[in-house]
Amino acid sequence: MRRMVIDTDTGSDDAVALVMALRHPEVRVEAITVVAGNVHMRQGAQNALYTAELCGADVPVYEGLERPLMRPLETAQTIHGIDGMGDIGLSLEGRTPASGHAVDVLAELIHRYAGEIELVTLGPLSNLATALLRDPGLAGKVRACYVMGGTGQGPGNITPVGEYNFWADPEAARIVFDSGLPITMIGWDISWKYATFAPQDIAALRAIGTPLAEFCVDIQAVLDAWSRENTALEGFDLPDPIAMAVALDERVALDVRHLHVTVEDRSELCRGQSVVDHLRISGKTPNARVVLEADRTRFIEMLHRAVGERAPA
Amino acid sequence: MRRMVIDTDTGSDDAVALVMALRHPEVRVEAITVVAGNVHMRQGAQNALYTAELCGADVPVYEGLERPLMRPLETAQTIHGIDGMGDIGLSLEGRTPASGHAVDVLAELIHRYAGEIELVTLGPLSNLATALLRDPGLAGKVRACYVMGGTGQGPGNITPVGEYNFWADPEAARIVFDSGLPITMIGWDISWKYATFAPQDIAALRAIGTPLAEFCVDIQAVLDAWSRENTALEGFDLPDPIAMAVALDERVALDVRHLHVTVEDRSELCRGQSVVDHLRISGKTPNARVVLEADRTRFIEMLHRAVGERAPA
Amino acid sequence: MRRMVIDTDTGSDDAVALVMALRHPEVRVEAITVVAGNVHMRQGAQNALYTAELCGADVPVYEGLERPLMRPLETAQTIHGIDGMGDIGLSLEGRTPASGHAVDVLAELIHRYAGEIELVTLGPLSNLATALLRDPGLAGKVRACYVMGGTGQGPGNITPVGEYNFWADPEAARIVFDSGLPITMIGWDISWKYATFAPQDIAALRAIGTPLAEFCVDIQAVLDAWSRENTALEGFDLPDPIAMAVALDERVALDVRHLHVTVEDRSELCRGQSVVDHLRISGKTPNARVVLEADRTRFIEMLHRAVGERAPA
Amino acid sequence: MRRMVIDTDTGSDDAVALVMALRHPEVRVEAITVVAGNVHMRQGAQNALYTAELCGADVPVYEGLERPLMRPLETAQTIHGIDGMGDIGLSLEGRTPASGHAVDVLAELIHRYAGEIELVTLGPLSNLATALLRDPGLAGKVRACYVMGGTGQGPGNITPVGEYNFWADPEAARIVFDSGLPITMIGWDISWKYATFAPQDIAALRAIGTPLAEFCVDIQAVLDAWSRENTALEGFDLPDPIAMAVALDERVALDVRHLHVTVEDRSELCRGQSVVDHLRISGKTPNARVVLEADRTRFIEMLHRAVGERAPA
């Protein structure tokens, strides 16, 4: 079994990504660590606990940082709902997180399973960055680190050049990219290009008919309305699930380039921008594999399979 | 006759753009103003004077700023040659610029021909920015301002996100974009996508057989060698000529979007980046027409025509 | 006669400095150039015209830049009054400025009287910086440039480290300090240390009994109220008059050090801070004479003399 | 007994401060935590171990961060010696630090002795900042935090406005000052004003005649030479010992003001500057007690007593 650790600011797309991982037969999710981002950290933890419970998964959920390293928290509740899960009335409180701090758990698991852990980060990188500050040696002990954040190319989703996760905690993102971790970056461009759900896609997902399928659609209620109002996309897009799809099956990534990436943390204008050196003009050694093209069909199949009837592993 | 003013840091691609304008039958180039950039300002002025002479054009060439507003000058002589014209032994000295300062001339012409002047900027925007600082009202009196600089989308040519002209003087670029000028921006992306000259394109240009055709090819000697060494392009690309082509004939621009653009002038990492708000996410009013697609065939035809046998107007 | 040019954003302390210069028997004020700052530029020009008229001075007042180079204008009308002159009902409109632009006039006078002009700047440095951008050679033709702005040491008056004039247009300030001008800097510290007017000082000034004496007191009405409310000073302080005193008579400066000074123009936190290298730790060549101690008695005497009965020269 | 934890980048002045604390009869140093700064972290740990051994103190020394949070390490070995201890041939290797990571130990001790721990930081704030990122709640459980760093007023010792400890890790310093910790800041100004050792002061210290007295003088060999060469001071100054003196006996601080302090972490020019809001102009709530005047006599007496004959507690 592959050993995965998922760091998440559990909003409505993170939840779908969690379902995909928790239901994957070859993956053992050792821990879910929660960070502030889309919603406040404690809400995110409850959302992760709810999702795990729905999947029948016995996975510990650890609470982590309640704010970015050096900036005030700015949530994305307008986009994902006040509860981050579409405000559809789910009972998202009262579950008990595992005891221990996300930052410590990241370090402990990486040390315990040196060379084995596959990290998947779905939110701001505050937890991971703090673990790396405390122990830079972690970077060399991770098998792979899949990061949903930034943009491989093209515009951002919160400013003209900023994607939310990196924008929310640019210092953390820079620390992670400068750390030596074996990063695969799945930017927001991959989401809007390959993970947009138009009405017919939503219908197809719902048509699977399982509680998980309905859950994955229903919790996008606020996102769906917001997207119709504010974007030119045909529907909503789900960044975290397609990032998770790449992590679960690298064949989802059709074009991956080894490039140097760093993150803007000084300028307000370009705050959080992933500066990807496509032309290798900076002379800096590549430090990330950047996904530039993905296989939408395979992704959708994986998602459908994850919410289908197959019993949990 | 259309009235054009060209601001240039005359390197080897600027010279080709000058040829295109000076030979155009419907355009009267009222002045060429020179700025520091590819080469030192005085060399740029000599290069412009040489080019005008070769075209048999009677156009005044005015010297302007010798350095960016707030940064030391960093030329691009590695790319265009020490003399900016390919170091092929042209006699690029001793000609006399017109008397008057580029900054004043810009202002005078714009006032004299209010609503008529079409500006084309081919270098760092130091001259134009200074004129605008001195007299912000100029912005409302220009017919059109075609700016070669920045990138509409995609990477830069001097840093991962910076194009040379904006990078060289980011403060000037920001002043120009914030000024209210009716800007059409032709970024470096338009050049490498639509104005790359592979060996066969170069051969075709040279085959025209006129002195101007040979000039336009020969002065790219250093650029050609540099491009082979340092880029993945099939040949060299000529940013200024394709920007000039758009200015001369808007039909060269196949996709033009009205968007908000500003320029990063705080961060070193993203220095000079044109921040283009493709998704209108900033809520800021569009201030530039950004060319995102161009007609290579039409451009090449215009260039061939410009260096062909037709007598000057 | 010494030839002086005064650049001012004419608020209530500038007006007093103007009186001191215009009434000085050995100084000929060739021009007053006005810049946006304490008040909008046009108001500042009217205030300068009013003051000159009151002094019976025949000096041309030129309008200049209406905003800082790269920032929106933020006036200090809360401090100096909506009209900048204490809102005491003076008739501050309808006078006609001289024709010509402040930036051009600065350049023309400096060239015409090369080596003779003594500049005194009492506001943001936007006019002077623009003249220097257009013609860097001006710096070498000025006899002396007295700058009220920054702080030689100690806190700022608009942020913990920012003095208003430099804070209002930090880019202009940096351009001026990097220009090679022979600068004498009189920072805000000199004002609050040596130019504070406690009630008894105000009474003494008013007691002189001339219209000019009353004018110099009355126009501080808003400043006086504001200072009582917002500062720990015993009264209000008058930065521009003590800077002018140094310009008029260098003996007012008791401790002057030749140091390197530059101005912060990237950070918002330290915006406009004058970074004075007191310990010569930067290795940079001194570019300014920084006044660190002044002779309050001499200053007060000069002021009293200026508003006294003596007829204008 | 008071419980103290000392965080240090053990250079030659840190060592003297350690002696003062370790020899103080009413203080129990629970732990020394080491951070990169003056010297590399491992060297600093050895230096602390050596010093503790010399004091006959049984105190655990924990290794911590090997570099600043977001910047490369720039040591001060030119000033303190390659070994940080004056390069006088001390045997500064082979001792064994306590097991455990400085960041964890800080957190553990603060929790274990909630409300009791007095922190004294003598180096860059990387360890403490990381502990606070991981657990912001620590700030409320510390009894007092004495920080040697920044400047209360006046110039810096590494740039015109930057003091070394804050300059070396400005992000860490900002995190610490924004954390809510009950900080008492002893800036570099306190050192050069009240802790300079002229030749006669050095002679007086050495004259005490104990091995500790000689140690405290001898390890300043490189600092002494450097200071003669590079400063205008009459001797060398010892920042960490006077900061420690304030921590050990608040009466050493003669003027302490409760002010808002933050640290510049964006600008390179003002990197690491402690921005102290002396005039309470920012409207921000005071977050630090800033020492502005100290009692040199008391400090020197404390130092002499510490290295004197009295047996360790």
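Labels A, B, C and D are assigned to the chains in the order they are written; within every chain, residues are numbered from 1.
The rule is simple: contacts are C-beta pairs under 8 Å (C-beta built on N, C-alpha and C of every residue); 3 or more make two chains touch, one makes a residue touch a chain.
None of these values were measured; they are calculated from a predicted model.
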Would you mind naming the chains that touch chain A and likewise touch chain D?
none
Along the graph of touching chains, what's the shortest path length in steps from chain B to chain D?
2
Among the listed pairs C-D, A-B or B-C, choose the one whose interface is a repeat of A-D, with over half of the contact pairs the same by residue number.
B-C
Reference chain B; chain at largest CA-centroid distance
D
How many angstrom lie between the centres of chain B and chain C, each centre taken as the mean Cα position?
41
So, in whole Å, the Cα centroid of chain C is separated from that of chain D by 43
Separation of the C-alpha centres, chain A versus chain C, in whole Å, is 56
Find every residue in chain D that makes contact with two or more other chains and list them.
266
Among the chains present, which pairs are found to touch?
A-B, A-D, B-C, C-D
Touching residues on chain A, where the partner in the complex is chain B
153-161, 231-232, 260, 262, 264, 266-270, 273, 275-279, 281-282
Residue ranges of chain D touching chain A (in the complex, touch as defined)
65-67, 69-70, 101, 103-104, 126, 130, 133-136, 171, 174-175, 265-266
